[in-house]
Amino acid sequence: MNDLLFSQLSTLVAASVLLFGILLVWRRSLLAYIKVFQWQSTMLTILFAIVAYFGNDPKLYWIGVLLFFLKVIFIPRLLQRFLVQIDVEREVAPYINTATSLVLTGVMVLLAQAMTNPLIRLITLPTRNGLPFAVALIFIGLFVIITRKKAFTQVLGFLVMENGIAMLAVLGTFGIPLIVELGVFLDLLMGFLVMQVFVYQIQGTFESIDVSKLNQLRY
Amino acid sequence: MPTLLQKILRVGIATEQLDLAETDVVQVVRQVEAKTRRLLGRSLAIREVDAGSCNGCELEITALTNPLYDSERFGIHFVASPRHADLLLVTGPVTRHMEVALRKTYEATPDPKLVVAVGDCAKTCGVFKGSYAIAGSVDRIVPVDVFVAGCPPEPTDLLRGILTALDRWPKS
Amino acid sequence: MTNMMSYGLEIGQMLLALALAPGLVGLVRWLKARLQNRLGAPPWQPYLELRKWLAKDVVMSTNASWIFQATPYIVFGSTVTVTLLVPLIATPIAFDAVGDLLVVVYLLLLGTFFLALAGLDAGTAFGGMGASREMTIAAIAEPTIALSISGLAIGSGSTNLGQILTTTLTDPAAAISPSHFLAFAALFIVVLAETGRLPIDNPATHLELTMIHEAMILEYSGRYLALIEWASWTKFLLFLSLLANLFVPWGMATLVTLPTLALATAAWIGKLILLASAIALLETRVAKLRLFRVPELLSLSFVLALLAVTSSLVLK
Amino acid sequence: MMQTLFLLTICAYSLGALGAILGGRGQLGRSLVGALAAIGATAGLLLGLTVIFTGQSFTAFVPALLPVGGGLALRLDPLGAFFLSVIGVVAIPASLYGIAYNEIYESERGSLRLLGAMFNLFLLAMSLVTLADNVFTFLLMWEGMSLTSYFLVITESDEAETIRAGNWYIAVTHVGVAFLVAAFLMLTGNASGAFSDLRVHASNLSPLARDLVFLLTLLGFGSKAGIIPLHVWLPRAHPAAPSYVSALMSGVMIKLGIYGLLRVALDFLGGGPAWWGVLVLVVGSVSAVLGVLYALMEHDLKRLLAYHSVENIGIILMGIGAGLLFHSYGSMSLAVLGLVGGLYHTLNHASFKGLLFLGAGSVLHATGTRNMEEMGGLMKRMPWTALFFLIGAAAISALPPLNGFVSEWLVFQALLKGLNIPGIEAAIAMPLAVGMLALTSGLAAACFVKAFGITFLAMPRSHEAESARESPLLMRIGMGMLAAICVVLGPGAIAVIPLLSRILVGLGGLAEVPVSLTEGVSLQVPTSSSQIALPTLALALLLAIGSIPVILKLLRVNFRLRRSESWGCGLTELTPRMEYTATAFAEPLRRVFAELYRPSKELTIDTHPESKYFVQSIAYRSEITPWFDRMLYTPLLHLIGYIANKIRRLQSGLVHLYLLYLALALMGLIFASRWIER
């Protein structure tokens, strides 16, 4: 019964983490992106807590707390400040329109299911049913990075992808050693800061954060 | 979302309560409510026709639906089609362009129906009187049940006018 | 269950649905008024409107044909038939064998089809616009509905409403499975679209250009208007009941005795009030979407439904 | 008994053809030719029903006829009998309708003789396709069917567009025949061409050869059935042909593609691996969705219907694909569910599409145009046509309790059951198929609101529509018969479905005992509690609708009604130009699916030379080129043109050179045959 509850709960929360990933594809205002990311990270924290509780792994709580501070409070706040500075509100005209993107998202989820299906049959972890969602989330993050024009959105895509990786780790292995996790966090932070600088530079050069303008550099 | 809810709670109900002092307004309001209940099953649908007004009257009419006056609490609401309406609220001196439109609106409203002409212009054509663009006051185009005087009339006057018109509602 | 009682139950729930539908809509309106800091019309206002419409004359366009006159009856009749099919307070019911979830959806589509035709019948631009929009939204909402139905049907192995409810009732663990949760979210969006609520359609709008449902019925008056509005209110109640009962069936009567039925009715009304409040809150919070954003919202719900189906397939 | 019916069918059609050549003009002649066709069709229908009811096959073998191909072998088993009956169902009303419709050809337009003769021969050839029992007979009749229908398509040969439509038709059909010949050659091998030998030989083929045969038949029969992208001839040929011929071509002829596919894939090959089913399912889903999407953008009433044929063939194939998929997994009762869904939709589509084409023909007859933008207000001018068209429109939109709903329900149930199939390809294909089927039916409803609403309701948009008159009695009778069938086949499904499951008994290893899909008055899905009782539902619906006015009367509700102008927001006059057009109606969907349609837009605004704020005229033009035309056929035609240009060099006009070619070809053939021998 405990295992069943664990399995159901973890899958449910994993699904909601994915849900916020899909919402990211749907929304257009950059402020909404931040909110979505915040909610997604909150759900991810809850997922860490669930795995820590049922999997009897107290150090996961610590990672959860860390994650909460970093992704629910620190990064969104930074992003918001950032948004005020670049003064852009909306993602306009992505390369693929929103309705099609959403349908493609559905297809990506199907693909993720197909990919992880053999794996799920192999392993016996109670959390295995959430794995396709994690893989799907990574795909979606990648998809957002590919199809959106604003550098800001791409940063969000990167963050979401990272959330997917964290989810894959916690569901697939019940968390990796703390030190590795810390390293990943650091990496993430560095990556994020680098991208921020990058966006500032684009903004400064083109007076826009439209990445599609980068091709002007060729001339 | 939380900010919105906080704001809603902080403001509370903005509609002016009836049990304030026994003023003239409140009495009117009470009477309107009673009458609409008796005659129309407490549901009165109004179609507003702007037959060339300066929009002063419209401002006051719009005020009827705001949270302060909230005409909806008496079952009075505005509708998008004369087919749904019980009462036409006509404003302005009828211009020649709007003459046909007014007539057609009257024609399109199902019986039983009432017409309330709002504002001084509707009765006398006001400052526009004698202009080449004017077809005449409202009662020359469609049968009017009640005139509401004022330039523009206050929401209370409007309610009083509607109330008087309801007296003319055919008894079934 | 004896035959007599089960048919009595059918008639009873039909009458109950028709009787409560105006009140439910009135409740949403009242709650919305309160959230807008207004006093608002009391929840029973729609009943008064119905009575008034039934007493008024009908004005019918000279362009219109018998379609215009038949439509209110067809719309109302098909909705009434649906009230017989959807288990509202007890399960299983006699009409489970007559129609399943697909029949419910297609019967409602029958009403929409004729309403759209009636919108075109008078030859006005707004009527045509409403018809076009309504059919567009109905068409692209259809895949989500079908997929949500499949999501529900996988668990119970059947589209039979009674069977679905019984399966959920006997297996509460399934109710917190992600597929259940996702199918609910998907269906909720579709319900908003199908019943013309915000952010898809604004039921309180007076501006023709933003209308969907109301643009089609601008020509209707008197008893026809009463029938169409009553039917659309009943449709709203039915969709909310489907949402409530399919995903949270607890409280429904499985035995037909007076106390259980009374309890079940109370539970059902409680669930409806909860959902109605949620919708009122949502309608206060969100703005209407531009018409061409609606397909995006519906494709979002499609993805959710697809996820619901595939995740329940994986879990099998 | 069966012998008599068979002979009657043959004789009536032949006499009809003969009569048309000899006379066939004037009221009497036309009636005679049409009546003979109707008699033939009736006899065929009775023959088919007899075979279905008794379960005994009818055989006739005439070795002396066509001795080269192994004689004229005919055998009518239940599967063929079903399709023969479908021919009868549409052909009887169509023939009667044709008697009155042909009046427009009395003048110089087209040849009435050719039309009458080809019509009868077309029916004969179609009937014999379902009867054929060896390869030679089958292909001969298939070709006869194609050729006669080609002549029917180009009846109005005074129009260049008609000729072009005919060219498309004949080209695609013959590409299809080429695939079929290849498939049948592989199936026949060294055996005789008799179908019974084919069954034996097919079981000895290697899996690869079987796959190849399946693919070839899917392409060959698919080109006739109109699967995407081989459907290009449908939207061209159907509008060009006389309407009752379109009804037959769309209602029946394309279904013979389904017959062929079932015959080969299920009967000869006895089913195959899972991917066959998935492939058919995918082809079906794509055809269904794209068919209806392009139908939505059409304003030519008959082209719109033609695209809907593509859609419905897609739905039929979805049922059949699901059936084949279940078959490969060995769940036979579910296989029957899918196949019965497909077959029932075949019958239903024949009835409502036949009806709709006859209705469109009636409108064309009255207004002289196929363009919906010039119609409107026909409801009052042609009340019967309008009523029948409405029934057809409701049926094709799958509205309960009409017949289209029943078959879509069956297909839906088959797909839902398919979700339980293990294996990842089913887990991906099935949910998408469910979604696409639902999208299809929703869009079809939208499309028929447009087709009916714009054509029949509101005000007439042109002078022709304004002066339209109701069609002659015979045309109304033809439509009325099909409308009645549409209504009856809804609740009547409980009587028809058991027969359909009997047809499939023993085919390709399906169980010998018919699978019961009904229980009492309910349709029942095997191994599930999903069921619907259409008769009860229809009754409840009728009662509910009928009792409302009564109850309102009892409540003493106000029943006064006043007629007045439409509410046009106070406009001086509401003119037909202000009505919503078909283009406008479809605009939201065009925008939603813009990525697929990629419409070209052209907006020209003429302003006054003095000031750009005074607009004198605005012209808006938007066109949609279907992607298969854009991406497949245009390059293909260019390629063929290029090759033909190169080959032209061979044509020198010198007789000697041609003799040399002959000699070379002869020698080449001799060598080739030696190589094949070895």
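Which chain is which? They are A, B, C and D, in the order written, and residues in each are numbered from 1.
Quick note on the criterion: a residue touches a chain if its C-beta (ideal position, glycine included) is under 8 Å from a C-beta of that chain, and two chains touch if they have at least 3 such contacts.
Everything numeric here is computed off the predicted structure, so don't read it as measured data.
Asks: Which pairing of chains gives the most C-beta pairs in contact?
Replies: Result: the chain pair C-D has the most contacts.
Asks: Need the central chain here, defined by C-alpha centroid distance to the all-chain C-alpha centroid.
Replies: Answer for the innermost chain: C.
Asks: Where the centres are mean C-alpha positions, what is the separation of chain B from chain C, in Å?
Replies: 34
Asks: How far is the middle of chain A from the middle of chain D, if each middle is the mean of its Cα atoms, in Å?
Replies: Distance between chain centres: 49 Å.
Asks: What whole-number Å value describes the gap between the mean CA coordinates of chain A and chain B?
Replies: Those two chain centres are 55 Å apart.
Asks: State, to the nearest whole Å, the distance from the C-alpha centre of chain A to the C-alpha centre of chain C.
Replies: The mean C-alpha positions of chain A and chain C differ by 35 Å.
Asks: Show the residues in chain B shared as contacts by 2 or more other chains, in ascending order.
Replies: Each of 81, 83, 108, 110-111 in chain B touches at least two other chains.
Asks: Which residues belonging to chain A are in contact with no fewer than two other chains?
Replies: Counting only residues that touch two or more other chains, chain A contributes 99, 110, 113, 117.
Asks: Residues touching two or more other chains, restricted to chain D: which are they?
Replies: Where chain D meets two or more other chains at a single residue, that happens at 427-428, 431-432, 560, 562, 564-565, 567-569, 592.
Asks: Spell out all pairs of chains that touch, sorted by label.
Replies: A-C, A-D, B-C, B-D, C-D
Asks: For the complex, which residues does chain C have touching chain B?
Replies: 33-42, 45, 48-49, 51-52, 55-59, 205-208, 211, 214, 218-222, 225, 284-285
Asks: Which part of chain D faces chain B closely enough to touch in the complex?
Replies: 560, 562, 564-565, 567-572
Asks: Give the list of chain D residues in touch with chain A in this complex.
Replies: Residue list for chain D touching chain A: 424, 427-428, 431-432, 592, 594-595.
Asks: Would you tell me which residues of chain C are touching chain A in their complex?
Replies: Going by the criterion above, the answer is residues 173, 176-178, 181-182, 185, 293, 295-297, 299-300, 302-304, 306-307, 310-311, 313-315.
Asks: Show which residues of chain A lie in contact with chain D when the two form their complex.
Replies: Residues 97, 99-100, 110, 113-114, 117.
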